[in-house]
Amino acid sequence: MVNFSALALIPLFPAFGAVFNLFFGDRLGRRVVNIVGPGVMFAAFAVAAWAFVRLAAMQPGSALVAHLWTWIVAGGFNANVGFRVDALSAVMILIVTGVGALIHVYSVGYMAHDEDFARFFTYLNLFAAAMLILVLADNLLLMFVGWEGVGLCSYLLIGFWYTNPQNSYAGRKAFIVNRIGDAGFLLGTFTIVAALASHGVWTLDFQALRANADLIGSAAATAAALLLFLGATGKSAQIPLYVWLPDAMAGPTPVSALIHAATMVTAGVYMIARLNFLFLMAPSALALVATIGALTALFAATIALVQSDIKKVLAYSTVSQLGYMFLGVGSGAFASGIFHLMTHAFFKGLLFLCAGSVIHALSGEQDMNKMGGLRTKVPITFWTMMVATLAIAAIPPFSGYFSKDLILESAYESGHTGLWLIGVITAGMTSFYMFRLIFLTFFGTSRVEPEREHHLHESPPVMTIPLIILAILAFVGGWRTHGFEQFLAPVVGEFKPAVEANALGLSAIASASGLVGIALAYLFYIQRPELPDALARGMSDLYDLLLNKWYVDELYDAIVTKPLFWGSDNLLNRLADRFVIDGAVNGAGLTVESVGEVARRAETGNVQHYALAYLIGAIGVAAYYLYLVTH
Amino acid sequence: MSSNVLSVLIFLPLVGAGLMLMLRSERATWNAAFLFSLIPLAVSFWVYSQFNPSNGNYQFVESHEWIPSMGISYHIGLDGISLFLVLLTTILISLALLYSGGGDITERPREFCFFMLMLESGLLGALLAVDVFLFYVFWEVMLIPMYFLIGIWGHGRKVYAAIKFVLFTMVGSLLMLVAILYLVYSARVHFDRLSFDLPLLYGVPFTRTEARWLFAAFALAFAIKVPMWPLHTWLPDAHTEAPTAGSVILAGVMLKMGAYGFIRFAIPLFPEVAIEAAPLFMTLAIIGIIFGALVAMIQPDLKRLVAYSSVSHLGFVMLGIFAFNPQGVEGALYQMLNHGVSTGGLFLLVGMLYLRRHTREISEFGGLWHRVPVYASIFMVVMLSSIGLPGLNGFVGEFLIMLGAFLKTGYWTAFAVAGVILGALYMLWAYERVMFGPITKAVNETIRDLTPREVAVMVPVIGLMILMGFFPRTILGTMEPSIDLTFQRVRTMQARLESHHSSPQLAALLPASQRVEMEPRTGATAQ
Amino acid sequence: MVSAVAAFFGGLAIISALGVIVQRNPVHSLLSLIVTLISIAALFIAEDATVVGLLQIIVYAGAIMVLFLFVIWLLNLQAEAQLSGHLALKLGGSIAASAFAAEMYAILARPHLLSQFTAEPPGFGSIDSLAPKLFTDYLVAFEAASILLLVAVVGAVAMARRLPSAGERKPSGEEQAS
Amino acid sequence: MIPLHYMMSLSAIIFAIGVAGVIIRRNILVMFMSIELMINAVNLAFIALGSRLGSIDGQVIVFFVMTVAAAEAAIGLGIIISVFRNRETVHADDLTLLRW
Amino acid sequence: MNPISLSAADFSWLPILPMAVVAIGAIVVLLAGVHVDDSDSDGLGWLAIATLFLALLLTFGIFGQTGFTFAGAIAMDSFTAYFDVVVLLATMMTVLMSIDYAGRNRMPGAEYYSLIMFSALGMMMMAGAGDLIVIFIGLETMSIAVYVLAGMARRDPKSNEAAIKYFLLGAFSTGFLLYGIALIYGATGTIKIGPLAAAIASGSMNSNALLLPGVGLLLIGFGFKVAAVPFHMWAPDVYEGAPTPVTAFMAVGVKLAAFAGLLRVFLIALGPAAVHWSLVVAVIAALTMTVGNLLAVVQSGIKRMLAYSAIAHAGYLLVGVAAGAGSGGAILYYLLAYSVANLGAFGVVLAIERTGEIGSGKISGLRGLSSRSPMLAAAMTVFMLSLTGVPPLAGFAGKFYLFNAALNQGYTGLVIIGVLNSAVSAYYYFSVLVAMYMQEGGAEESEVRRARPALAAAIGIAALATIAIGMFPQSYIASAENAFHSAAITETQRAVSLAQ
């Protein structure tokens, strides 16, 4: 373990950028912000790369650490603010700063016409800082700081265009749903602390946790793993907490690319990989992770099939791809999950940026039904997006092929044959909806509204250059599969197959599935464009179900949100608080007053009544003494 | 240590209050009041600088005979538990005065400053008193200025709110007075010494029944003040109708007196009963957390919303206190400070809004961000602190409390954690309705952003939030010796009780850590 | 054994006392009262309280009652109207008073009220036996009683003397009263 | 000698009659007379007890009580006159300006 | 024929010098006032104050003594001195308040001031009484004067009515008191305080059938004077109808004297029989507190409200009485605290009262007082808070001390009733604060005069005393404690010496 204080600079650069943009952004103007915003990211990337190089030069399994200060000490409990770069976090910081920097650059172009650019970069930088804290943290609690921090930034950025109440609502929804997950995260943390504390060990430090993992005990480990996974489902948009992510597309597209595709949503995967020792102690929890992952992948893919909003398609696709990652880590192949995380960051980031470029070109149009034939109008966007689509469709030798293949193989080899099958089917659906997107957007005849047609243009270089870089990464990013696995192995362990499998055969099946998807998409949207409508009419129930996202939002609304509000207002506020409790209080006061009002009537003013009262008192006293005398 | 700095601290504001009455001009009054409030502030920081953090006992102790024939002495001292509450008090009073002079209070400024400074004296006195009688005196004294602050400078049903506040508090505190008397009487019988000195009273043995009644009396007084559900209904009224400065102090410091009372009096005096009653109090605390949050959620009035959020937050504090472990209690104490800062800040912000629009109805606002970005940004930070975002102060407290509660009760803590979710829900929703969306009311178009004075009020608040969020260790470390000392008996007793009968059902619910918790903390902190 | 004197004057006292409270005309009541006082004076004398008994007749039945009579005449009081409207009070008062009487009777009407009697010294009840007490043990009371009488005189004068009528302003309280 | 319990009973009865008179007679003057009855009943008790105790104090006290009664009579009648001047009534139930 | 042996009695005059001075002063005032016009009686007031002050100075000679004078009729002990001081101070305050008031309202000045002084004399007699008959005569002297004083505003029908009601019920209750004295006398053969106690303690008293009803009847009689429920019903009417300074005098002076007598009789003379009366007193105390407070809550007239408050305070004091001799000092201190606050409160009521209007003052009449006369409002706040029992004012220290004493005797239930009642009382005392500070004054209230100098002085003194007695109670507590003990000791010594 090598001390490397410069690690602190990695999150500090973006944090500085955020503060700078907050206080001086508006005053100093766009030019400065455009330099500072992406600039701090490049600086962070530079430090991250430096750290990576240093780490790569060291023994496998070593790490760079930076202990900053002791954060919380209470009784035995203690937590530090300290950073740690090992293989896993090295990969993550490179993704976050690298992809982040590109997206920052892209944003300069994307937000060129927005008044609130300074605020945008403030948030974006802040996000990067939080995300970097998340991945750099050397303990669970500090990780939680980043964990919640990215949630906050996500909230702020989703609701960035706040004048539209829909956006703010989406932001809040994201935050709240995330908080539900965070609650799980916290409880999981507590479980670990409590379990270790019972052995006199107070720590949340990852290294120490790993060293003391066997003290936790399998029951506590299972509980902790499940709870932490709940946190992961929130952050990484898995069933049942995925609902916020599609709505999160309300934010500016670079945000969707950075936060809701490349980085933040993968935090859950990262966390599980980081705590692999814990999850390995809880096989049932791990199996659940895999199952949820697979189901989410399938489920989200079905919805993506019919969406017409270009970003919504990508959003559900993200959910689906995240499902793959969980399938991977859930199968025990943590490296595969991280690997897919990385390639996904490249191609999904790219997809979003391309979509953004399209939207930008069409002055904000997002409905694919109003696109078409853009291939020639925005060639760079088209070609780069094509690369990304091929990557996500897992067509060799694009990066996605390698990572997805690895996941499916791991799933099969870990004995989850059913899940593997789901993965394969989903792969087909993935290529179908992605090519549906490509065909609807770039091929066919233009359905663009005339006034938008007028402004149609390719994006400026500041946007296209990041696209090209990412396209390259999306293409080549998966080529060093084995090296990647080995690099990570000291941290996340090596995958141990339970079932022998023919890797080539599996790969062929998956690729075939992808190709079938493409073929179907071609059939539906190029050859027989009338077919989708006919199909939709023919199976209108299913179509509606998918179009309305299985009515999950409505379901949540009906069984959670509405009763909560209704109950709070009527049962708690009106009935319990106002009527019962306050009623009792005021009632006591009222009783005093009314008793007083009645009693004062005894004071009639007639002195003889007073004498009578006096006499009655006297009788009472005399009665007591009569009793005393006679007894 | 025989310095009388604490007396100076207590009575300086009173001197200032007297001074206020001699001033004629309004402007001079405000300036003088604010400047004067800086003196106790400075003194309190000086005291902090001289405070020995490794000593859990009272420091700067001062003791004089007062009413010797009744065993009452003027005995004051400061320990790690009261130290930060003292600082909080002096800070918030200064801020409240600074804010109120900026146009919030226009009528009778002299009396206003008089009562504010008098209030400060009362609060500081209650925090510093070691003699129980003295504590009670200050405990009641602080009621009066607050009553006037609400009743004179309040809004709406201010008189109702003020009298409700007084009566609620008084019922509880008078019963506590009886308990105090009984306590002292028993002490005299037991020790053959007539004294109201708290440390002496800690050692009085009671029968179970006696202790239960006495604890109940103390707990009632403090629970009303906290307020714990279901004794909370004075709070929304008082907070809503009070002037901004009143709400700030009420929420910021006064509610803490209840929790402080539990820590200082109710629990260490009757540890056995406290242990016995802990499930009840934790349940009530959790109900308070959830209830407060849910009711806050649907409030149409912004200030009322903040008021109910206090119910929820103080539920956390109580939860932590009754966990009895260092994490819980330190978290609770820390959360008390947090709540003072963040809810104080929220009340200030709501006050600023009210000053501009003379309404607090959430539906009257919307889309303000565009007009008042500075205000909105500050509001955002304060709100985030209030909902316990990691990195800001609120998280440290809530985390420790929940950890403490978890160590004690296991997964029951999930309910408290749910409160955290709801906390985010109501706050963000309210924020969204006020700040986001389009501007729907024409009046809001011309609303002006914060004045420099108002910014000056908020900057220390924000600064504290960040500082306390990043570097809680100093504060926690300073608290710890005193808390350990105060809870020593509770912990040993609990350990003894648990070794006697650990019921299997309970054990299933609780993590095994609890038992270890009672042993001296020698556990390795593996790094 | 109840002596005839006691029985007679006791009975007379009770009857005339009842007369005081049932006569409708105040003058009749007053006359009944005087009979009661004299009966009681007789009982005093029967109990060897000669001086006090005589004082009772002279001062009480004589002077004080005359004062009453003057006032009755001064105010020109007539007989009270019918019972109507105050029946409840009269009934309640009677019952309550009877109850009180019954209680006191139940307590006091027992033969061994005092466990032992002390014989009266010779000359008991004479002026000789009273005077030394008045000027020793009861000197303060005696002086105080004289002051009390002075107070009574001052008070009575203050109450009963005519109000100065000149330049009198009618207080507003009176308007409310009327 | 008259038995003590006889005298005490007599005293109690007269006292109660006085009490009753105060309550049932609306004429203030008669009420006052009833009070005189009460006082005389008490005097009777003093005398009876004093003679059984062989103590002259009882008689001395009665002497003072009579003085007090005289003083009270003077004052009481003065007040009654004063009231009558103002209100032209001596009936207790007319004097209810002050109530509740 | 035996010569009267005057030498048997110890006629030392010094101890009764204060009383003598007051008596002579009263006569001087009366004589001096013959030619003074009713509307110009201020000088008489100052003369009265001077006399009272002289008496006050002489009173200090009694402190610390133990013994009797005038054949045991007057006790010269610190108890006497304590009450004399408080009574004289209360009287002086009353006179201070009356100056200008009496003249303005055309009260017969000579009679007015002399009656106040006579009444004070009666009170002092009660405080210093060594036997029941002196208590009785003192009580009558005080009462008769106060009956008249209550009716002093002779043109005012309310004042008349107050006088007649007070008189009738007062005389009525005198009957009960006397009856009680008679039975006690019968039971023990003595009316002297100490010997009474000794007789009861030795068990040599002749009959319980006499003693017990005697105790009951005495309780009833004193219950009337202290306005204990159910013997309290005169109090609100009389307080409301009497001229305000007289009301103050009644609420303070009469109550002081009544409690002085009550303490001497019950805690000392009947102390050994406490087991026979403490339960009754406890019940009465509970009733008194509760009824007083409940009814005070619904009052709108300020004097009436203060009347019920006075009833309630009698209830608190009776808690102390019920608890027995252990709380004697506490009762004394409480009386002091209660007196200053109440005098001040009535002073403020007086200050806002318009000429010629008696008893019509509403609590609402105080509206906006804080802006019209802030000092007056501040003083009233002090009084109200003290009466509520808010620290650090005198009322709190009093309640604290009293309840502490009662609790130490095991009267926990009673104390709890007491504190709950205190909470109720906050409601109506605070309603005064509400009116003064939180409501705007109506136009018709604008003619409220500035407080007169003498009145202002009285109010100011009361306010300062309320604060001082509350904040530094030690010396007052010590002297109260000392006073009670000295009475107990003196009487015990007498009983012992008589027995020998």
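In this document, chain identifiers A, B, C, D and E correspond to the written order of the chains, with residue numbering beginning at 1 in each.
We take it that a contact is a pair of C-beta atoms (placed from the backbone, for glycine too) under 8 Å apart; a residue touches a chain by one contact, two chains touch by 3 or more.
Nothing here was measured: the structure is a model prediction, and the numbers come from that model.
Using the touch definition up top, find the fewest steps from subunit A to subunit D.
Contact-graph shortest path, subunit A to subunit D, evaluates to 1.
More C-beta contacts across A-C or across A-B?
Per the contact counts, A-B leads.
Which chain wins if you rank chains by how close their C-alpha centre is to the centre of all protein C-alpha atoms?
Chain closest to the assembly's C-alpha mean: B.
Measuring centre to centre with C-alpha atoms, which chain is farthest from subunit C?
Chain A.
Could you put a whole-Å number on the gap between the CA centroids of subunit B and subunit C?
Between these chains, centre-to-centre, one finds 68 Å.
What whole-Å value do you get for the distance between subunit A and subunit E if each is reduced to the mean of its CA atoms?
Computed value for the inter-centroid distance: 78 Å.
Could you put a whole-Å number on the gap between the CA centroids of subunit D and subunit E?
About 25 Å separates the centre of subunit D from that of subunit E.
Averaged over CA atoms, how far is the centre of subunit C from the centre of subunit D? Could you give it in whole Å?
From the centre of subunit C to the centre of subunit D is 4 Å.
Counting only residues that touch at least 2 other chains, which ones in subunit B make the list?
Residues 167 of subunit B each touch two or more of the other chains.
Going by the contact rule already set, what residues in subunit C reach two or more other chains?
89, 92-93, 96-97, 100, 104, 107-108, 110, 113-114, 118, 137-138, 141, 145, 148, 151-152, 155-159, 163, 177
For subunit A, which residues are shared contacts with two or more other chains?
Where subunit A meets two or more other chains at a single residue, that happens at 589, 600, 603, 605-609, 611-612, 615-616, 618, 622, 625-626, 629.
Go through the chains and record each pair that touches.
Final set of chain pairs in contact is A-B, A-C, A-D, A-E, B-E, C-D, C-E, D-E.
Which stretch or stretches of subunit C touch subunit E in the complex?
104, 107-108, 110, 112-116, 118, 128, 131-132, 135-141, 144-145, 147-148, 150-152, 154-159, 161, 163-164, 168-174, 176-177
Please name which positions on subunit D make contact with subunit E in the complex.
Interface residues on the subunit D side: 15, 18-19, 22, 28, 31-32, 35, 38-39, 41-42, 45-46, 49-50, 52-53, 55, 57-58, 60-61, 64-65, 68, 71-72, 75-76, 78-80, 82-83, 86-87, 92, 95, 97-99.
Using the touch rule from the top, collect the residues of subunit B that touch subunit E in their complex.
Those residues of subunit B that touch subunit E are 65-70, 108, 111, 133, 136-138, 140-141, 143-144, 147-148, 151-152, 158-159, 162-163, 166-167, 170-171, 174-175, 177-178, 181-182, 184-185.
If we count contacts the way the header does, which residues on subunit A are in touch with subunit B in the complex?
Subunit A residues touching subunit B: 22, 69-78, 81, 141, 144-145, 147-149, 152, 155, 159, 162-165, 167-169, 171-172, 175-176, 179-180, 182-183, 186-187, 190-191, 193-195, 197-203, 205, 208, 211-212, 220, 564-565, 567-569, 572-573, 576-577, 581-582, 585, 589.
Show me the residue ranges of subunit D that touch subunit C in the complex, using the header's touch definition.
Listed in rising order, the residues of subunit D that touch subunit C are 1-21, 23-27, 29-30, 32-34, 36-37, 40, 43-44, 47-60, 62-64, 66-75, 77-82, 84-85, 87, 90-91, 93, 97.
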